[in-house]
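Order of writing sets the labels: A, B, C, D, E and F. Residues in every chain begin at 1.
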Amino acid sequence: MWSNIFLFALLFSTYNNVAVQSFCVADLKGAQTPEGFLCKPPTSVKVDDFILSGLEPPTTPPSSNSSKITLTPAFVQQIPGLNGLGFAVARLDMDVGGVVPLHSHPDASEMLIIVRGTVTAGFIAADNSVFVKTLRSGDVMVLPQGLLHFQLNSGNGKALVHLAFSSSNPSTQFLDVALFGSNLNSDLITKTTLLDLFEVKKLKAIFGGSG
Amino acid sequence: MWSNIFLFALLFSTYNNVAVQSFCVADLKGAQTPEGFLCKPPTSVKVDDFILSGLEPPTTPPSSNSSKITLTPAFVQQIPGLNGLGFAVARLDMDVGGVVPLHSHPDASEMLIIVRGTVTAGFIAADNSVFVKTLRSGDVMVLPQGLLHFQLNSGNGKALVHLAFSSSNPSTQFLDVALFGSNLNSDLITKTTLLDLFEVKKLKAIFGGSG
Amino acid sequence: MWSNIFLFALLFSTYNNVAVQSFCVADLKGAQTPEGFLCKPPTSVKVDDFILSGLEPPTTPPSSNSSKITLTPAFVQQIPGLNGLGFAVARLDMDVGGVVPLHSHPDASEMLIIVRGTVTAGFIAADNSVFVKTLRSGDVMVLPQGLLHFQLNSGNGKALVHLAFSSSNPSTQFLDVALFGSNLNSDLITKTTLLDLFEVKKLKAIFGGSG
Amino acid sequence: MWSNIFLFALLFSTYNNVAVQSFCVADLKGAQTPEGFLCKPPTSVKVDDFILSGLEPPTTPPSSNSSKITLTPAFVQQIPGLNGLGFAVARLDMDVGGVVPLHSHPDASEMLIIVRGTVTAGFIAADNSVFVKTLRSGDVMVLPQGLLHFQLNSGNGKALVHLAFSSSNPSTQFLDVALFGSNLNSDLITKTTLLDLFEVKKLKAIFGGSG
Amino acid sequence: MWSNIFLFALLFSTYNNVAVQSFCVADLKGAQTPEGFLCKPPTSVKVDDFILSGLEPPTTPPSSNSSKITLTPAFVQQIPGLNGLGFAVARLDMDVGGVVPLHSHPDASEMLIIVRGTVTAGFIAADNSVFVKTLRSGDVMVLPQGLLHFQLNSGNGKALVHLAFSSSNPSTQFLDVALFGSNLNSDLITKTTLLDLFEVKKLKAIFGGSG
Amino acid sequence: MWSNIFLFALLFSTYNNVAVQSFCVADLKGAQTPEGFLCKPPTSVKVDDFILSGLEPPTTPPSSNSSKITLTPAFVQQIPGLNGLGFAVARLDMDVGGVVPLHSHPDASEMLIIVRGTVTAGFIAADNSVFVKTLRSGDVMVLPQGLLHFQLNSGNGKALVHLAFSSSNPSTQFLDVALFGSNLNSDLITKTTLLDLFEVKKLKAIFGGSG
C-alpha cells in the first residue's frame, strides 16, 4: 500500500530541486557576501566539506615563537560547511609561559574549555570592570564580543584549550600588533594612547611597525 | 508652484540608481548566499516575479501516490520575489486517508489553515510534550521550527490545507525517507534508533534505501 | 539492555529544566520586548496556545461596513504560540465591490492566496514602478515590506483570500485613516501632500479626523 | 625574547588569508544579495572606500526645485565601506518654505539632528496617533521604520538637518510621487483612496503620472 | 596635562549608567524572551557569571545508563553570561559501545571536536544525502541545524568529545524518546511512520511511552 | 457611501489592541533583554519619547577636561523611542588639540559627519591595515564595528562632529581607561601587552587604576 511513498518523496523534491539542502557550503574561491561566502552547488557537496582532520598538536612546538602559543583554527576556510552557521572552534596550545596577548574579536564572542593545564584568562568590560580567573582542566569561560581579553599559561606545564566562537569566520585584533606592527604613525599613537614615544619606538622595533 | 517636485523626485532617485528598489528578486540561475539567492537586476523585474498562478488542485489526484497527498509549494523557486523576505506558502491536498508522514523543517516554522475537511495534526516538543489536535475548516495551527510533526486526513472526505512557512525556501526532512530511503547503513540505524533490524530491512524495501 | 535510555533522557533534561522547550509562547498579559512578548512558563503551555478556531466566515457580513471587507487575523494575540516565530496568517472576506484601501505594513511583507473570487491587487515600488495583477482562485502574490498596496474585489461574486505575513504581529497603516482619521493638522496635510484643502476637509468629515 | 611575536601574528593570519578583515566593502559593480552587495577583494580596499567628501551645501540651491529641499545621501553607493553595516547618514538642506513631502522608508528608521533652523517634523503611527514637533537647532527626533512622516522648514531662514538611517541603503516611498507620478490607474487610485477623480487628475498633471 | 582624562571617562559613563556594559547576563529566575533571559542588573554581575567549573569527567560513569554516555552542558543555565551571545559548549563522555541516539537540535547547529577515542558521527541532509565519517582525536565535524544526526563510540576505549552549539540554549529532540517515551498515540505513530505496531509497542515499553 | 470605513478601521484595530503600534518605546526603569529594554505600555507613549532637546554645545567647555572633548549622546537612555531600532546618534565637541583616545565599540559601527573644523580620524583593521584620513567640513567617514579607532582635532579651531552608531545603546572601550583606569593587575598588563612596567605604573597614576 505504501510502496510508492518514495515516489511521492521524489515528486516533492522536484519542486525544490535548486535548494533542497538546508545548508550553504562555502565556495571558498567565490565571492564573499556580508553574511559569508557564496554557496557551492549542492551536487558538489561531500562529507569532507563538514570535516577538518587537523585540530591536532602542532608539529612545530609553540615555543618556537616568542609568545609560545599555537592557534589552530577550524573556521569556515578550513570547514566550508560552517558557512552561514555563525560559529566555529579552534585549538590553542600553550607552552610554559605562553601568552595570548591582549586582543579582541570585533565580530565574535569566545568560549574557552580548558582541556589540560592551568590558564589565567580575563576580559575588561566596557565599564572597566575586570573579570579575571585562573582556570583549570574542566573549567569553561565566556569572553563577550568585542572586549579586550587575554589568556596566559599560568601553570608549570603545557596547556591545551579548546575555543568556540560565535562567528564562522572570527577576526582578531591584537593590541600590540595593531599599534606596533602596523604603519600607524608614532605621533598619532602617542597622542591617542598617552604612551611614551620612547616606549612606542621600542615596541615598533619588536613588532616591525613603520611610521 | 509645485510643478517640478517631480523633477526633484528624479533628482533624488539618481542618487539611488543602483538599488532604489526595496526588494531583491531572486536570480534563480545565479549563485546562492547564506541568506538566499543573488538579486536580479532591478530593470528586469516584472509583475510576474511576484506571482504564482499554480496553487490549484493537482491535475494528478493525490490518491495516485501511496500517501494520498499532494503538496504544491509557492516558495522562492516558484516566486522569485520572495527572495530574502523570510516566508512562503503552499497548498496541501489530502485524499481520504491521506497522511503527511512524520517530518520536520530544519529551518522553518509552519502554520496550517484548514480550508476544507478534517485534519489531525500534531507535533512533539523538545521536552516530549505532545500537542495534537483534530482541526476543522477555519482552524489554524502553528508548528514550531525543527520539531517532528505530522498531518493526516481524519475525516470522510477530501481535505484542503493552506500552509505558511517562516522561510522563503523551507527544507523538509521526512523521517521515513531519511532513515529508509537513504543509504544510511542498516547497522547504524538499529544502533542509533533501537529499531529492529528486520523492521529496518522491511522499510528499506519500501522506501528504496540501500546500505 | 537499553531499558534505561529513558532514564538517561530524564537526566539530560534536568540540565535544561528552565528552557527545554524550543519555543516561547506569549504571556499576553506580560510586558513586550523589541522581539515580541515575554514567554509563558513552559509548564502552563497547552495545545490551544498553538491553535485558533476562528478563521471562519464572519458572522456580520462584510457588506455591513462601507469597505465591504472583513479581516480576521491569526496573529500572536490570537495564537500565543506564534510569539517569536516571525510570521502569521489572516483571512480576508470581500463582498462584491469590497476594497482594502491603500495601506502598508511597516514591519511585514504579505502574501495573498486567492481561495475564491477575483481580486485585483497591486503595490507601488520605491522606484515608482507599479505591480498590479488581477488574480483568480489559485493565484498567489507577494507584496514586499513597507510598500503601499491595495486589494479590491474585481469580480461579480464574493472573494475569499488567505493572507500570510512575515511578522507574528504585523501592524498596518491605512493611508486614508492615517491622513483623514487622525488629528494631523489639515494645513500640514495640504503642505506635505499637495492635496486640496477642500478635499482634505471632505475626507476628514468621512473618516472622523480632527485638526 | 618577544622579538618574533610578529612572526606569530603572521603565522596566525595565514589561516585567515581569505577573510582576515572584519568588514565587507561593497563591489558596487557586482551583484546584490538580500543583505547587501558582494564584497570587494580585501586587497583592493583603500581608505577612500570608507569616506565621502561630499556632504556639503548643494551647489544648486534647494530653491531651484519646487519642494525647495536638497537631500545629499551618504549611503552604500557613496561609501562602499558601509556595506553590511546596517546604517547610513545624509544631509538635508531646506530653503525657506522647503518641504519634504509625506513619505516612508520601507526598510529603515530615521533620525533627524537639527543643525540649523526650525523644522516641523512628524509621523503617524500605525494606531493613527500623530507625533508632531517643531524642532530647533540641537533637537533630535526619531521616526520609526515604515511609517508616513514629513519635515518642513517652519522657520524664517534656511534649515540644515543631518539624517541617520538604520539601513545602509534606505529606500523611500513618496506618497505623491507613488500615487501621482507613477502609472497607477486613476480609477484604482480613487477606489483605494477615496480621493476625488478630479483631484487625482490634477495631481497627475503635476507629478507626471500616466494611467 | 592628561591627569583628568579619567574624570572625562566618568563623565562619559554617566550618560550610559543604565547599560554601559555590552553584555546581558541572564537573570535565571526571571522571565524569558524570544531572544533569551532578561538581564541581571549590571551591578550584580560577577566573574563567576562567565564561568562553569564543571565540564569534568562525570562522577557516575556513563556505563551506568543504557546508552553509555554522559552529556555535561555549559549552556546559559550553567553560565548566565552566555545569555544573548548565541553559542554554547558541552562535554560528551562515551564508554565503549556508547551511543548518542538519533536526534536533532531544532534551533542549533553543532560541532564535534574529538578529544580522545574513535567516534562515528553522521547526519542526514534534507535531500536524504548521508554524511557519515569515523572521526579520531583531532578531527572536527559540523552538523547543520535541525537535521537528524548521531554519534557512536566505534573504538575500543572511552571517547571524549567537546561540542559547540550555535545557540546559548540548544534544545534536543531524541527520535526514540519523542516517539516512544511520549504520550503520542500508537495508532498515530504507525500511520505517520509506517512502523509496525508490534515494534512501536515494544519500544514504548522500553522508553516508557503511553498511548 | 464610505462613511463608516472609519468604523471598519476601529473594528480592525480591536484585533490588535495589545500591540497595534509598530515600535517598542523603552521602559527605562524596567528590565533589559538581550535585544533592548522592555516596552512601555502603548497608551503612555508621547511625542517626547522620540525626541531629545539637548544635542547642543556643552555648557562646560570641552577644554575643562584633559582630552578637551565632550560627547553628548542621543542613545536609547536619552530617547526611549530608539529602543529596538538599532541605531543612535551623538554630538562630539572638540577644542583645539582635543583627542578622542584610542577606543572601540564592541557592538556598533560608527559614522562621523564633520560639521565644523578639521579632524584626523583613523581605524586599524583586523589585518593591521591602517585607514587614516584628515577630514574637513562635509566629510563623512565610516569606522567598522569592534575595531580600534581615534579622532583628533588636527585644525586650528574648534571642531564639531556628528556621530551615528549602528546600535541604539553602543558601549565604548577606551584603551587607556581599560588598561590603566581599571584594577587589572600590572603584572598581567605587562605580560599581555609587553609594555614596560614603569610605563604602566606611570599611566595607572594618571588614570587612577589600581593593581
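Definition applied: a contact is a pair of C-beta atoms (placed from the backbone, for glycine too) under 8 Å apart; a residue touches a chain by one contact, two chains touch by 3 or more.
Just so we're clear, the structure is a prediction, and the values are computed from it rather than from any experiment.
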item	value
Co-neighbours of chain C and chain B - touch as defined	D, E
D-F or C-D - the one linked by more C-beta pairs in contact	D-F
Chain whose Cα centroid lies at the greatest distance from that of chain D	E
Chain pair among B-C, A-B or A-F whose interface repeats that of B-D, sharing over half of the contact pairs by residue number	A-B
Chain at maximum distance from chain F, centres defined as averaged CA atoms	B
Separation of chain A from chain D, taking each centre as the mean of its C-alpha atoms, in whole Å	35
Computed distance of Cα centres, chain F from chain B, in Å	42
Between chain E and chain A, distance of the C-alpha-averaged centres to the nearest whole Å	20
Residue list for chain E, restricted to those that touch at least two other chains	2, 5, 9, 20-22, 33, 35, 101, 106-107, 126, 128-129, 132, 144-147, 171-173, 176-177, 181, 194, 206
Which chain pairs touch, all of them	A-B, A-D, A-E, A-F, B-C, B-D, B-E, C-D, C-E, C-F, D-F, E-F
Contacting residues of chain B [partner chain C, same complex]	2, 5, 9, 13, 20-23, 42, 45, 47, 50-57, 74, 79, 81-82, 85-89, 91, 109, 111, 113, 115, 125-129, 131-133, 135, 137-147, 162, 164-166, 194
Footprint of chain A on chain D - complex, ascending	1-9, 11-12, 15-22, 24, 27, 30, 33, 35-39, 83-84
Residues on chain B engaged by chain E in the complex (per definition of touch)	99-102, 104-107, 120, 122, 124, 126, 128-130, 132, 144-148, 150, 152, 171-173, 175-179, 181-185, 188, 191-196, 199, 202-203, 206, 211
Residues of chain F touching chain E in the complex	28, 31-35, 65-67, 69, 71-73, 75-78, 101, 106-107, 169, 171-172, 174, 176-177, 181, 206-208
